[in-house]
Amino acid sequence: MATDTPLQLGMIGLGRMGANLVRRLMRDGHRCVVYDLDESAVRELRAEGAVAAGSLGDLVAKLERPRVVWLMLPAAVVQPTLDQLTDLLAPDDAIIDGGNSYYRDDITRAAQLAPRRIHYLDCGTSGGVWGLERGYCLMIGGEPAPVARLDPLFRSIAPGAGAAEPTPSRHADGTAPDGYLHCGPSGAGHFVKMVHNGVEYGMMAAIAEGLSIIEHADAGLRKHTADAETAPLREPEAYQYEIDVGEVAEVWRRGSVVGSWLVDLTADALARSPQLEEFTGRVSDSGEGRWTVLAAVDEGVPAAVISTALTDRFQSRGLGEFADRVLSAMRSEFGGHAEKRSQP
Amino acid sequence: MATDTPLQLGMIGLGRMGANLVRRLMRDGHRCVVYDLDESAVRELRAEGAVAAGSLGDLVAKLERPRVVWLMLPAAVVQPTLDQLTDLLAPDDAIIDGGNSYYRDDITRAAQLAPRRIHYLDCGTSGGVWGLERGYCLMIGGEPAPVARLDPLFRSIAPGAGAAEPTPSRHADGTAPDGYLHCGPSGAGHFVKMVHNGVEYGMMAAIAEGLSIIEHADAGLRKHTADAETAPLREPEAYQYEIDVGEVAEVWRRGSVVGSWLVDLTADALARSPQLEEFTGRVSDSGEGRWTVLAAVDEGVPAAVISTALTDRFQSRGLGEFADRVLSAMRSEFGGHAEKRSQP
Amino acid sequence: MATDTPLQLGMIGLGRMGANLVRRLMRDGHRCVVYDLDESAVRELRAEGAVAAGSLGDLVAKLERPRVVWLMLPAAVVQPTLDQLTDLLAPDDAIIDGGNSYYRDDITRAAQLAPRRIHYLDCGTSGGVWGLERGYCLMIGGEPAPVARLDPLFRSIAPGAGAAEPTPSRHADGTAPDGYLHCGPSGAGHFVKMVHNGVEYGMMAAIAEGLSIIEHADAGLRKHTADAETAPLREPEAYQYEIDVGEVAEVWRRGSVVGSWLVDLTADALARSPQLEEFTGRVSDSGEGRWTVLAAVDEGVPAAVISTALTDRFQSRGLGEFADRVLSAMRSEFGGHAEKRSQP
Amino acid sequence: MATDTPLQLGMIGLGRMGANLVRRLMRDGHRCVVYDLDESAVRELRAEGAVAAGSLGDLVAKLERPRVVWLMLPAAVVQPTLDQLTDLLAPDDAIIDGGNSYYRDDITRAAQLAPRRIHYLDCGTSGGVWGLERGYCLMIGGEPAPVARLDPLFRSIAPGAGAAEPTPSRHADGTAPDGYLHCGPSGAGHFVKMVHNGVEYGMMAAIAEGLSIIEHADAGLRKHTADAETAPLREPEAYQYEIDVGEVAEVWRRGSVVGSWLVDLTADALARSPQLEEFTGRVSDSGEGRWTVLAAVDEGVPAAVISTALTDRFQSRGLGEFADRVLSAMRSEFGGHAEKRSQP
């Protein structure tokens, strides 16, 4: 289903997300010039119909004015790339940062580019490895004019209204039901994407905790040592269940209040590996979760669940160890409690 | 689409959920005898094809043996109803408690009914006011034989496999993809439903916190009083966004990682009422959230997000007021800080 | 400083706390009959002036009526000991459970002993290994009459009013300024002690977290890998401090708002071992912290800090591992993120 | 007890803390020149022996070189005062910021003053309204030379070693046992004070929550409405205690593990006002608590208890209202739950 208004776009950064964005755009008839330090990634997309560029300069040269350049890069690489790119561009050209930059950097960058009349848009892009198929949810910040001009690109990337039932009470116009939204001025897109990821942390933690409580519903079947340190389970008869958490995730996918894409994915992971033994439980966090908490603190808005979800990720990676050693030391001081080495 | 194996069921409790369960069952060809203290509810369903009963005894009399009686009652009313009902039933009859009973009560009740050979099944039922249309997610506990015998009923109530895409990695048999699951022995159904609601609390809180952070992204536009008590916002220029949270909820419905039924519902609520002024923010909690936290503590499983979501609901209803007065008192004692009456 | 009204007491359980209670009592002129399964503990106290008992029966026989028997036993051993002891006692005798029993058991036990006119007191005892020197803070539950009769014992065990400055605004009578308090009927003593330990968990966690933040104030001096997964520290120049946390704990001991016995003990532990390398950070929890959270949930009182402190102890012992594996699995599903094995 | 080495100091800001610092310094023989916009504050201290200054310039003029100027001002006023003051000072003069500035500002300010060879020290000052009597705990950042030169001032302000028992395991030298500590380079003093306040938030919350759980131990005596929304208290017989929380705070002051200045102050507040009715429970937060959480997030250190304590303060002031309205809206959407207006 080709778009009525094909545009041209240069993509810098052909990791999984960048490459799939290009594929979605080309499917809709947009023309893409692509560049990556990894030449094989460039070759692969050229084979699929993209125009290959051998350098930033080459990419810029192969784009018609006014140019559109989309950056899909790790946050740490955006600024050096911008520094190079800016001198190659001309007034009315537009840059879209589709990665996970901090929204405050967007404000700075847009202000720096404004005197050159280069438009800088920030575009939070959610969808992960499934976006090629499902489309990407886009949260866009920047001036209205370039956002409007590039609408056909956003529309091709986004999932489209058919991806979910209409919202019954909704009568407003706008692009949100198509899966992309101009959220506000520079930084607003990445701000909303940042909070989106904070919400994601909280939802993920809720699901994981719940499944863990169900997984441990057999606590009454396990032997516990009785000593002054560890409270025996008072009612072991209430914890005699051996419940298949994968089946639980599956059943929650339909008709339940917690139905969600995250539950879908969890069911899939548990279907493949019922105990998830291939994971150790060291959960990474990227910047967005942290920035969300910083924003909540700055605003004075309570965000206990998101904060806790972030903190738990720190805990999972052992970052609480010093504090925990202090706790064990205190317990030793006041109670003579020796630390227990094995699992109680 | 009628079921191949129509069964007969007596429904006690014709609130919204009970009545809609009857409707879904009748649509599939099952025969329903219905009873409620509210006679108008009984009349309404009789008009739709159910058999009306004027008392518990009448309901039991109108059912063929082995009987199936489904209770859809507030938790506090279940036990008195059971006390009456038990004497009216006979061996091989089955009772299904479809409400939100505490799973420990299920264990007790099933054990009490076992000598009379009355089967007691617990069935956590999720779906809310939308279940008539979407189907209900069912989490079932009890002996395997009656669960198997009543399978056609569960199948008719549940959403069915078509309600979501198949889980790609799943190759197992079982009913979970149809939206109902025999989770284990007595209590297992309500245990899983209890945790489901705990997960629901956490997911809801994550979404609400996130939208609140976005709603307050205009903090830098608001005037703050500068005094020794309140820290001024260091970088007001970073909080100048006036973002439409309803549009954000709508855009998150498609393609994003947080896509979920709860986000769908939130988008709908915000489409109807952008500032939700009709709500005061006193958030109720029912038993399941509390019981989930108790289970986590008993099991020794960290569930910080779910616990926090529960605690926040207590806070929303002013239940932390005494503690907060203690805090203000301490601040007054050590710092001479007078409590601020108006919003900082 | 001998008491004016020496009493006689039988102590069962001569662990560190039981033995030191006996020593404090004997210092004040009370006569003690002592029993423990460990005969060397009995011999040691006999050498210090106690009357040794070789069995529960022997202990009871060596006490004058009305007898007073103090149990200082692990929670799991209290009930079996009571079962034996009850038959040996007579009307007007009193039992004091000075250990960490669950207050609900006190209610049951007192009710069971009431028909025999045996008085059952619950006495939460705080003070740890330092109690011999500092005295023990006593929180007592039970009927007023036996509590009053045994007042000289409690007075001898408690720290006494001299252990702290008088509370300036206090004009009430009562024993609280002496360090012991009759809190209410059966169970009230252990209830207050239970919550005391919950508060202890929260205070400990606050101190440990704070010292950990100070310990990591050198984060900007450490090398971090820059990748798509880990957010680089935005302002490493703000985290260039190498602060001696032991010195910080020491300076907080005088004049600061956080001055407390726990900070005193922390300073001591850090003076001995600046990095606390002898601890691994697996923090035990005993029943009281858990029961405090259960009580808060039952009461509907927000106790987020105490709950979080408990949860963090679970985390420290790896009990969140399943949930964390679920999180890593989700991240792998939606983002193709491989789990990072080494410390970011 | 006069100091051996009297120094001269200019104090700008004669609020409670500034004025009391001057008094402690004068008691020890130091000479103080004082200035405040509020002339009555200046007159009051002149009557006690200080030299009055009518302007910043006057204050500077009345000090001998090398001058020492101590700022005790609200955070928002520090920078404008510095801007004026800097031009009045000369090389080798020293400025001490004793207020609650953000440590990052210290780094900037010290760097700005360095070319003029004006020394800038940051000094976190804890002790509140009691400091005159108890002394102030001082956490100092800056270059070693001026810190050493001004040691007699810090020593006079700090509580002194006699304010607490010696730490048994401590053999190191240093000033920490005297209640003041040079923590590190510029900003280190305010960094440690910032975290101190974070710890304070957590300890306060733990105490307040615990007392609230005890205050509500009578939950079983209260009537609850039974409906589908509110879970009835399952075991009301376990919550029948009417415990005097003021007495509990008093008894915890001696011999218990939670003994602390904060418990002392709480006991005092409750002795004066057993239900603290003069407070509404709107708990302010100043910058330090927020900054502590930001630092923890930046460092990747779990600080769930301190974060939660901060969030709860936001909640106490109604800042979670929008999120709570979203929760009520969701409940209405999926469950048809109307919000309950009265206290459950």
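In order of appearance the chains are A, B, C and D, and numbering begins at 1 in each one.
FYI, a residue touches a chain if its C-beta (ideal position, glycine included) is under 8 Å from a C-beta of that chain, and two chains touch if they have at least 3 such contacts.
Quick caveat, the model's predicted, so the values are computed rather than measured.
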item: Touching subunit B and also subunit C, the following chains; value: A, D
item: Smallest count of steps, each to a touching chain, taking subunit A to subunit C; value: 1
item: Pair of chains joined by more contacts [C-beta pairs], B-D or A-D; value: B-D
item: Taking each chain's C-alpha mean as its centre, the one farthest from subunit C; value: A
item: Inter-chain centre distance, subunit C versus subunit D - centres from mean C-alpha coordinates, in Å; value: 28
item: For subunit A paired with subunit D, centre-to-centre distance based on mean C-alpha positions, whole Å; value: 38
item: Inter-centroid spacing, subunit D versus subunit B (mean Cα positions, whole Å); value: 44
item: Shared-contact residues (touching 2 or more other chains) in subunit D; value: 128, 205, 207, 209, 212, 216, 234, 257, 261-262, 268-269, 285, 290, 298, 300-304, 308, 311-312, 315, 320, 322-323, 334, 344
item: Subunit A to subunit C touching residues, read off their complex; value: 15-16, 74-76, 100, 102, 128-130, 204-205, 207-209, 211-212, 215-216, 226-232, 234, 261-262, 265-266, 268-270, 273, 276-277, 279-287, 290, 304, 308, 312-313, 315-318, 320-337, 339-341, 343-344
item: Touch list for subunit B against partner subunit A, complex; value: 103-104, 107, 126-128, 131, 134-139, 158-161, 163-165, 167-172, 174-181, 183-185, 187-188, 191-192, 195-203, 205-207, 209-210, 212-214, 216-217, 219, 233-235, 237-243, 247-248, 250-264, 267-269, 271-272, 292, 295-296, 298-306, 308-309, 311-312, 344
item: In the complex, subunit C residues that touch subunit B; value: 257, 285, 290, 293-294, 297-298, 300-304, 307-308, 310-312, 314-315, 319-320, 322-323, 334
